[in-house]
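In the two complexes that follow, chain A is the common piece, with chain B as its partner first and chain C second.
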Partner chain A sequence: MGYWLIEMSPDKPQWLELRRLLISAGSIAIFILIWHILAWWDHQEPDVVVIAYPGEVFVTLINSFVEADYRTYLMHVDIVASLKRLLLGFLLAIGIALPMGLLMGYSYIAMAASKPIVEVLRPIPPLAWLPVFLMLFGNALGPIMIVFVGIFFPVLLAVIFGVRSVPPELIDAARTLGATRLGVFRRVIFPSTVPYLMNGVYIGLGVGWMCIVAAEMLGVEGGGLGSRLWASYETGNYDSMYASIIMLGILGVLTTELARILSSRVRDWMGME
Partner chain B sequence: MDGHGVRIELRDLRKVFLHNGRELVAVDRLSFTVDPKEFVCILGPSGCGKTTLLRLIAGLESPTSGTILLGGEEITRAGPNRGMVFQEFALFPWRTVRKNVEFGLELKKILPEEKRELSNKYIELVGLRGFEDAHPRELSGGMKQRVGIARALANDPQVLLMDEPFGSLDAQTRNLMQMELLRIRESAKKTVIFVTHSVDESVYLADRIIVMTARPGSVRESIDVPIARPRERTSSEFIDIRARVLELLQEEFEKTRALEKTDLEQHHPKRKVL
Partner chain C sequence: MKKMVAILMAIIIVIAVIAGALYLTLSDGSGEDESIYYTTIAPSNMKIALDGGNVAGYIAWEPYCSDSIVAGVGEALVWSGEIKSDHPCCVVLVSNNFLSSSNGSELTARFLKAHMEATDWINDALSNKSSTNYTALMDMAVAFTSRNSSVVGSAFEHVNFDYAITQEFIDAMVWFTESFIEIGVMTNASLTDRGYTSTEDFAENYVNESHIGDAIEVLPSDTIIGEVRLGFLTGDLHQMAQVVARNESFFGGKSPFEKYGISISVATGAPYVNGPSEMDNFAQGNVDIGYLGAPPAILKHINYPGVQAQIVAQVNTEGSALIVSPGIQSLEDLKGKTIAIPGTGTIQYLLLQVLIRDAGIELKAA
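So, the complex of A and B:
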């Protein structure tokens, strides 16, 4: 998921690497060209123009960092607002899903008690909670809670799976070395779950990113890329609308990439294969 | 070193597992005694309950009936006075060699300097100096098992339980590790119970070999190995004992085959088993 954009293969000869980059650059150029042709075609009927020219969109995107009208924020203000919601929802999700997943994976009673509730809540699309959360938590906290719901379940399932995947001989080894039940939990089950947790984080971030944009589009205060996108649409400012979409794509790639690097660093640091 | 063997007494052990709704008697009427500092190898046909026996002594399983006495006290749960070495090494992959060896010491709440001193001592003993900061994935099979042995010994257990510890190593590494184990045991005098498939390995290592019967496992015969160490695999006394053990094992192997045949016929009455 996006990793091919950054991954380099050190053992390949340089000209192959160069060729790969040229092909990628070429395909981006063709994509923009097709976009441009579509926009041109759309502009032949000047009453209802839906597709903006790529060049204008890029200019708008660059300008959005330096100029804003009375209705909008500067682009980086919106970016920070969205990332802040994502981060808070994310931390909240891990803070609850990690201990809960450890407990559910380890304890038969905890699993039996929570499974039916989790199974019923899990398939509900996170955005279905938006009205409830806006009423319960208000405009500031509501969208964060949506992100929380989106990230919570992937992380929870990953942690439960991680606990279930602990090799039983490691638990045996710890017990023969004198570990109590608590010691086994703390020194064997928890650390061997960490790589699975990171995997959950990786998946959860993608889901969270989708949630935050949709939640912001449905009307929250204090900026954000989603509300920028929606405001541009409502005011017919299509250049700005497309610019927001492109910014979302860029940030989406960056956040998942960050999660991927973090997750592989953690695995490396822990000596896992 | 501070090793202190201890006497182990197994009295009339029985262990029943539930397997696919059927009761499977793994060991039955199993009794024997291991003297302090004795090196005993357990041999038997596969499925005879060798590993179960070891897990019972380790306290990882509890017997259905019968008792295990360690220095006169009954075993009820796993504890650091019995160290175990596993066939698949069972090293903690996120811990370095040193941190693996220190696992048991961390649980003992000793001073950091003392912990370091002990881990140094056992890493040195198993010949892994210079690899303290390596992770298990960077080590070969033989080196991994050296870590496994050092980790068990660092706890200074009274008994060392070894479950086919060299079973997944290639033949050459295996021979080397057998020599190494005897050398290590010279300095860390422990009671050792060593489960193996290999007759050769048992005659090379053991003071005494216990041959187990086909399932349910009990003692078929106990054979002393009064050969001075280092042992020559080609000496006549070595070959004599080897032949004797092989013969016993062959008989039990035949019984196991017969047992499996009746098992199969009971479950698939129409299928002929050759």
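So, the complex of A and C:
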């Protein structure tokens, strides 16, 4: 045993990486095994079988990309539909929350004017707007507006906080060097707000996914993962339901990673100012 | 300079986003669209949706059809009987857990006796519109559905009440199952996974006519023998038999159920919004005996969650319709438009699929 440990010295970097991969793969394998056992145990008691076997879920997941279900949508069509709504709501939210947050953080008057309305609307859970927005904006635009509300407030608050958190010494330094008010804003305040903005974006993305799935379960046009999930549940095709859940998890990871890459690019770009 | 470009780009993006969003709302997505779309709306909201132009039509059970017809909001394009003549619709489903309990079998027979008596009473009332029974029936129906008497009167014209289990009934169960498989909501594999060799094998085993045979010999009882937790659908006129069988005031203080020794309690969550939802409640053990459409009773037994139950009696045939806004004359006119359904897995959805596929058109989720 000791001989084996000496051979695979932990100082060798490849061994470290390999060991880490093995442990991760092992833990995922154990997770799937436990899932299978739970599904088997659930199947023993007919009447309320809720857990589908991991095997059938993965087969359905792969199949969903090539074989259209009775909704006539392929999985990638659903994915694109959900992503489109998320992106549109996201852009709309950033487009309004960023300038508004900068203004509110910077200008005492803007803050005093907007704060009461924001403080009244902000605590309302975005999903509470579902029935209203679906009736007002219809099945096509409604879900996008829900995502908008979900992402808007975290981003707004993060930007305001970012503006307020600029160290005063930096502002003084810029002033001393002869910067105008606009110059201070553009060169000092705006760049330092970016990390806070990205934080708001991470939170907003999580809320955004939640909103889009729930909204799609209730009423949507053009497919989507939420609508696939709900339809699978309604017709008792739980393997397809779990496949949708897994797909949502994968997409959540991918979008946050994308946001992370974008944020470091933006930070680089800002750093060159 | 770089900053000017950046700010300009940001403004352009925001404008593009808003413009795109407006385009999405305003464009109807019609044009060369060869498919018909469906979306799920609760039946009580369907008339409003049709009136407001959110949908071009809907398919639902009575009285939600007559709702729009009487109000002039829509017309019936196709009655369900035209899609499949004399098709069974709602059935009485008993959970196996309830049947295997101590007096479950006896209670089921007694329940069915009351169901049969109520059904006969309804048919008798409907055959003589000047009788007191008819007036009482209308009152009960108006109270149960919260609709006025002209809507209810029109609705009754399109529903047939019958409890018998015949070979045609079993053949219809086979047809429902095969239609589900054809649409892709169910597969042959799921049938065999449940332990059935064929659709006929399934229908023979899932429908159990012995209980209604036992029910014929049941006599009234002075005492309450047992409790049944009853499931049914909101305002569903097809299920009028359970409304009548629960009615105490007209029958001299003792409802038909009570006459045969059954105490009814409404199951948790009932009345349910559609059949599949009622099946979920069967799965959770909330319902002992329920009235629901045969297709969801079939679907959620073969698919997850695999409810263990038996169909023990018929409740009604026909009684649903595809209601469309005035001006739509045929299925062709519905291309590119959206129809509301009570939910995938309902008989209405199944019949709609059959209707539209037989016409060679594709039905897609909206």
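Keep in mind that, in the parts below, the second predicted complex is superposed on the first by the 247 of 273 C-alpha atoms of A that agree within 3 Å, B and C clash if a C-alpha of one lies under 4 Å from a C-alpha of the other, contacts with A are read in each partner's own complex, and residues count from 1 in each chain.
As a convention for this text, a contact is a pair of C-beta atoms (placed from the backbone, for glycine too) under 8 Å apart; a residue touches a chain by one contact, two chains touch by 3 or more.
A quick note: this is a predicted structure, and the numbers were derived from the prediction, not measured.
A.B. asks: Which partner does A:Leu254 reach: the first (chain B), the second (chain C), both, or neither?
C.D. replies: neither
A.B. asks: Considering only the touch criterion stated at the top, classify A:Ala52 as touching first (chain B), second (chain C), both, or neither.
C.D. replies: second
A.B. asks: Could you figure out whether chain B or chain C reaches more residues of chain A?
C.D. replies: Comparing touch counts on chain A for chain B and chain C gives C.
A.B. asks: Looking at A:Val220, would you say it contacts chain B, chain C, both, or neither? Reply first, second, both or neither.
C.D. replies: A:Val220: touches chain C, not chain B.
A.B. asks: Look at A:Leu92 in the shared chain and tell me whether it touches chain B only, chain C only, both, or neither; answer first, second, both or neither.
C.D. replies: A:Leu92 contacts chain C only, not chain B.
A.B. asks: Figure out whether A:Leu136 sits in contact with chain B (first) or chain C (second), or with both, or with neither.
C.D. replies: So A:Leu136 meets neither chain B nor chain C here.
A.B. asks: Where on chain C is chain A touching in the complex?
C.D. replies: 3, 10, 13-14, 17-18, 20-21, 24-25, 29, 35, 37, 39-41, 54, 95-97, 183-186, 276, 279, 282-285, 299-300, 302-308, 338, 343-345, 362-366
A.B. asks: Across the complex, what residues on chain B touch chain A?
C.D. replies: Its residues touching chain A are 55, 58-60, 78-80, 82-84, 86, 88, 90-96, 103-104, 106-108, 135-137, 151-152, 155, 161.
A.B. asks: Within the complex, which stretch of chain A touches chain C?
C.D. replies: 46-50, 52, 69-73, 88, 91-92, 95-96, 137-141, 144, 186, 219-223, 227, 231, 234-238
A.B. asks: Given the complex with chain B, which residues does chain A contribute to the contact?
C.D. replies: Within the complex, chain A touches chain B at residues 167, 169-170, 172-179, 183, 187-188, 191-192, 194, 270-273.
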